[in-house]
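Below, subunit A partners subunit B and then partners subunit C, in two separate complexes.
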Partner chain A sequence: MSTASPPAVGARPRFEPQIARRKLAGTSFLGACMAAIGLLLLALVLLLYDVITKGLPYIDLDFITGTPSRRPEQAGILPALVGSIEIGLMVGAISFPLGVAAAIYLEEYAANTLFNRILRTNISNLAGVPSIVYGIFGLALFARALQLGRSPIAAALTLALLIMPVVIIATMEALRSVPDSQREGAYALGATRWQMVRRSILPAAAPGIMTGIILAMARAIGEAAPIIVVGAASFVTFLPTPFQEGFTVLPIQVYQWASRPQDAFHGIAAAAILVLLVLMLLLNGLAIIVRARLSRHLQW
Partner chain B sequence: MTTDGRPLVLRRSATERVIELLLASAAGAGIVTTAGIVLVLLLQAVQFFAFVNPIDFLTGTVWSASILPFRFGVIPLVAGTLGVALIALVVAVPLGLLAAVYLGEYASNRTRTIVKPVLETLAGIPTIVLGFFALNFITPELLKPILPEIGTFNMLSAGLVVGLLVTPLIASLSEDALRAVPRGLREGAFAMAATRFEVTRKVIFPAALSGIMSSIILAMSRAVGETMAVVLAMGFNPRLTLDPLEQGGTMAGFIAQITSGDTPQDSLQFKSLFAVGLVLFAITLGLNLISNRIVARFRNRYS
Partner chain C sequence: MTTSRTRGLALLATAAFVIAACGGGAATAPTSGATTAPTMTPGATAAAPLSGAVNIDGSSTVYPITEAVAEEFQKANSGVKVTVAFAGTGGGFKRFCNNETDMNDASRPIKTADTADAKSEATLCKDAGVSYLELGIATDALSVVVNKNNTWATCLTTAQLKLMWDQGSTVSTWNQVDPMFPAEPIKLFGPGPDSGTFDYFTEVINGKAKQSRSDYTPSEDDNALVTGVAGDKDALGYFGFAYLEENLDKIKAVAIDSGKGCVEPSAANVNNGTYKPLARPLFIYPSTRALLRPEVAAFVRYYLDNVNTFVDETGYIEAQPDVLAKSKAALEAALK
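Here is the complex of A and B:
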């Protein structure tokens, strides 16, 4: 019990909930959040609008099946389109086995030793290396040391290294999402570790793994910086083959055309962007279909 | 017993060991890649430093690798890089954090299913497309009417699109950090009659601050390494300037510029790209390590 006299009435702290003011602060903040989301949405809409209105008039069959030209109205993108698809497929073929194997090791085999922790940290660090630095590495190792030159295969190997961390991390997540009861069930039937992984875990993780790979391929197809360093050519009128020097891809073609001052070249650059975006959209669609098909038989 | 006379279990275990070794070597390939990157950058940079004093390189304030007299002072490139990254963060930090708080604390499931794909789409757009957007729309349609003296190629538009590019990264990582804050903290604050905004600002946000900081540093690292959006939006003309309405040059921009031209590969100018690459690699690695460290240090605070 306090015997001190209460402080003077004027100095007495009063409890003022100030509900109205606090509610207003909350509402204004929510308004700011909505404005931020709205701004991002607006940016995306403006970007698509800009590319579609500028590019669509230039898209026709001749544009898809034509080759680059000094005259924008006659230029086509077939070499770049074929280059992108060819390199995308090679990137998938290279990074799929390596990335999945590495992920299986890290997720299903690796004990918690210092070395394995270093492996893990290293992969997250590799994911943070700028793509252009991969380009420098690809130039020195694949183009020069292994003498692959400025060929699609050198570009594909470089891009495969670039997306490897993405593939590994996606695969590890897919493996982690398989419940342990699957593993225990396989062991209980006398399976070895590899039999368990191959017959039980991999099929269950397949939807996630395939989605990860396809999305990584989409990312590789959109990359330009490392390919510039490895040595994509600026003017290619023939269809590229994997080991032959001289190739181009869609993002490089966009870069070449967009760098020119003339409006018509910007138009065909926008048209090439549309083709690139459609290609990526198709890959995303493929990922959804593959995921649905592969997970049809899964249930736990 | 199997045909080769050994017990089945033993033969199995031999196969098992070979398989484990194969899988482990795939995982080890990552280490080889890292070592390879570092080795290539170092060895080639050393060749360059045989001609250019590394101190002059790191402290020089003039970069001219295509116009005589050649000068290799990396400061203008570093300044241009940090300038773009700074503008990008000024855009991306508020946008990304507001989006993260909205998604993590306010949005209904229905709204999330609309907003999340928008962010993911934005994150998936090739950076060359954002560069095109900057050069073809942001500069002429948005900035020119307000800032008539702005150049066709300018640092401001580059910073803006790079900001757009890293916003989804900040939003998604910060949202994860917000979601990781235990329910108890949130409920305790609500029980004290705090409004939702007060709970977010005074309880959730401080609790998630380490994750949020690490997402911002990671975004800065992405911005520093970004190439194509920057090259298209601001061209390459390295000068030591603070004026964002002018052209500038970044480290990644230089590497793209020197390799897309027809500079002879054995020339000094070409070799300088490895030294610039080394600086770029060191800066991004440093930022990533700081980001990892912040996360690791605070990871167990609530578990």
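Here is the complex of A and C:
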């Protein structure tokens, strides 16, 4: 029986500094974090290296200003590039007002009722729905029911729906990050709720909102699957106009060329990827500029 | 703050530069287009310039041929806007039978047999009032391929292929196919079930479309199949002739014996009718309603007149002369 008594002898002292061990734990955590970022960077560098070595030789002015061709060395991407930019701008113009308004309602006006909580949860869930599902919905609603056909506007509406949850969530986060003292200060000065939102909260949240929207637009520009379902073509030799059928975008052009048997097509697919990357970089650069400009006068 | 602002400015400068470059390019585009426009359009000197649009969807296998035809037709008729998409034979027919496209590319004939739970493509078209022509335009030699270092599988019978690929097949090593082959595991690569290639292969080899074993490595991307077979000495796969032709340094074709000796996939063997049963016909399906529009009629006529000049460079094989003649006759009869 006496053996079962708690071991008083040899028990650990109350405080054991173990400095070396704790430092080791700290260093190995740092090491793990650096390994993680190193691995990610390595993957990115390899990807970029592959795309640049394959694609760069094909990039020249004729490639940017040309139209698709069965001969890879004569093929160009102008219709796809213009299609991507045009659709990207339309997506931004559609999702900005709708998404921001919805987020303002949910964050600043809606009471914390069960219904509104369900609404918020569902918006978060929508952000996880596969993009192809939006494509099928867009085909049924915009292309067929609303008779928009295989037009850039049908694609833009579909993509706007696709990124709407992301826009709403980003905007809600931005609104939430504005301290309540701002709201209380505005009320203390006798502002109505609308004045408080308009003059105090929105300007403070603007950098976050703009960043969220531009990043969401970049995602829309990179999508291929839902637009293929809505009915984008691949061989298009004219520049798309919003309401006219027949358009293509860069990711679809890349997908088409990458699936061809001839090696030279894989080269121009890589070249088109580079153009798409530059377009993305421009958008993200724009996000940084907008953020920097809008947050210049912020102070709280 | 300052660092992020200078970074922002640098990006802005880059943006301005690229936009300026694009702008300059757009301005020069029409001239460069005009200079490269060839004059290889026999008999396409229409009296009045055509206008309108021709919307085409369908098989990704036929896509390169239609793209080539569209490119040259467009050069001769710059007023017509031809667009070609590649939703696949089946996806294209859904759209075609819903009156959304003028023509469908197909790597197999349209399906006509209704099943208990689904209407066939032909029935869908009929219900929607879409009538069409079936025009054979070229041939593809479905090729069975093995790794470059495979020394044993030079020729397989169709019965052996069925043994390997049929539903419920338990073949897992090469010597189960032929006792002369080594006792190495066999690695199978093939297209996924949404592919027209899959439909055709399973129909002619296993006896029924879509009847296939499912424990192989499938991919809708034929280049991935090439990579798979090229990377494994014990691999076997099947896909279109163009993908074989472009990768002869990595893979090699297996000759097919359908009872009359071993025949390699090649243009000559397809043309003399000995490469059986994997020589598959490729089709276009213009809708008769669309053919009433002069630009569609001109496009399809141009297609049949010129397709033979494009099949070779896109990796396909010319249709038998009588197939093309029949297609032309059917078109002219419909245009009367």
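Keep this in mind: the second predicted complex is superposed on the first by the 260 of 300 C-alpha atoms of A that agree within 3 Å, B and C clash if a C-alpha of one lies under 4 Å from a C-alpha of the other, contacts with A are read in each partner's own complex, and residues count from 1 in each chain.
One rule holds for everything that comes next: a contact is a pair of C-beta atoms (placed from the backbone, for glycine too) under 8 Å apart; a residue touches a chain by one contact, two chains touch by 3 or more.
It should be emphasised that the depicted structure is a prediction, and the values quoted were computed from it without experimental measurement.
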| item | value |
| --- | --- |
| Superposed partners subunit B and subunit C on subunit A - clash or fit | clash |
| Touched partner set for A:259, first subunit B, second subunit C, both or neither | both |
| First, second, both or neither for A:94, with subunit B first and subunit C second | neither |
| Subunit B versus subunit C as contact partner of A:106, first or second or both or neither | first |
| First (subunit B), second (subunit C), both or neither touched by A:51 | first |
| Touching partner for A:228 - first (subunit B), second (subunit C), both, neither | both |
| First, second, both or neither for A:70, with subunit B first and subunit C second | second |
| Touched partner set for A:61, first subunit B, second subunit C, both or neither | second |
| Touched partner set for A:246, first subunit B, second subunit C, both or neither | second |
| Selected from 253-261, 271-279 or 289-297: the stretch of subunit B that, after superposition, runs into subunit C | 253-261 |
| On subunit A, positions contacted by subunit B and by subunit C | 228, 231, 234, 258-259, 266 |
| Contact set on subunit A toward subunit B in their complex | 17, 22-23, 25-26, 29-30, 32-37, 39-41, 43-44, 46-47, 50-51, 54, 97-99, 101-102, 104-106, 109-110, 118-119, 121-126, 128-137, 139-141, 161, 164-165, 168, 192-194, 218-219, 222-225, 228-229, 231, 234, 251, 254-255, 258-259, 266, 269-270, 273, 276-277, 280, 284 |
| Of subunit B, residues touching subunit A in the complex | 12-13, 15-16, 19-20, 22-24, 26-31, 33-34, 36-37, 40-41, 44, 94-95, 98-99, 101-102, 106, 115, 118-119, 121-122, 124-133, 135-137, 164, 167, 193, 195-198, 200-201, 218, 221, 224-228, 231-232, 252, 255-256, 259-260, 273-274, 277, 280-281, 284-285, 287-289, 292 |
| Interfacial residue positions of subunit A with respect to subunit C in the complex | 61-62, 64-70, 74, 78, 81, 144, 149-150, 228, 231-238, 245-246, 256, 258-263, 266, 278, 281-282, 285-286, 288-289, 292-293, 296 |
| List of subunit C residues in touch with subunit A within their complex | 1, 4-5, 7-9, 11-12, 14-15, 18, 21-22, 25-26, 28-29, 32-33, 36, 53, 55-57, 60, 63-64, 66-68, 70-71, 74, 81-87, 95, 98, 100, 221-223, 240, 242-243, 245-247, 310, 313-315 |
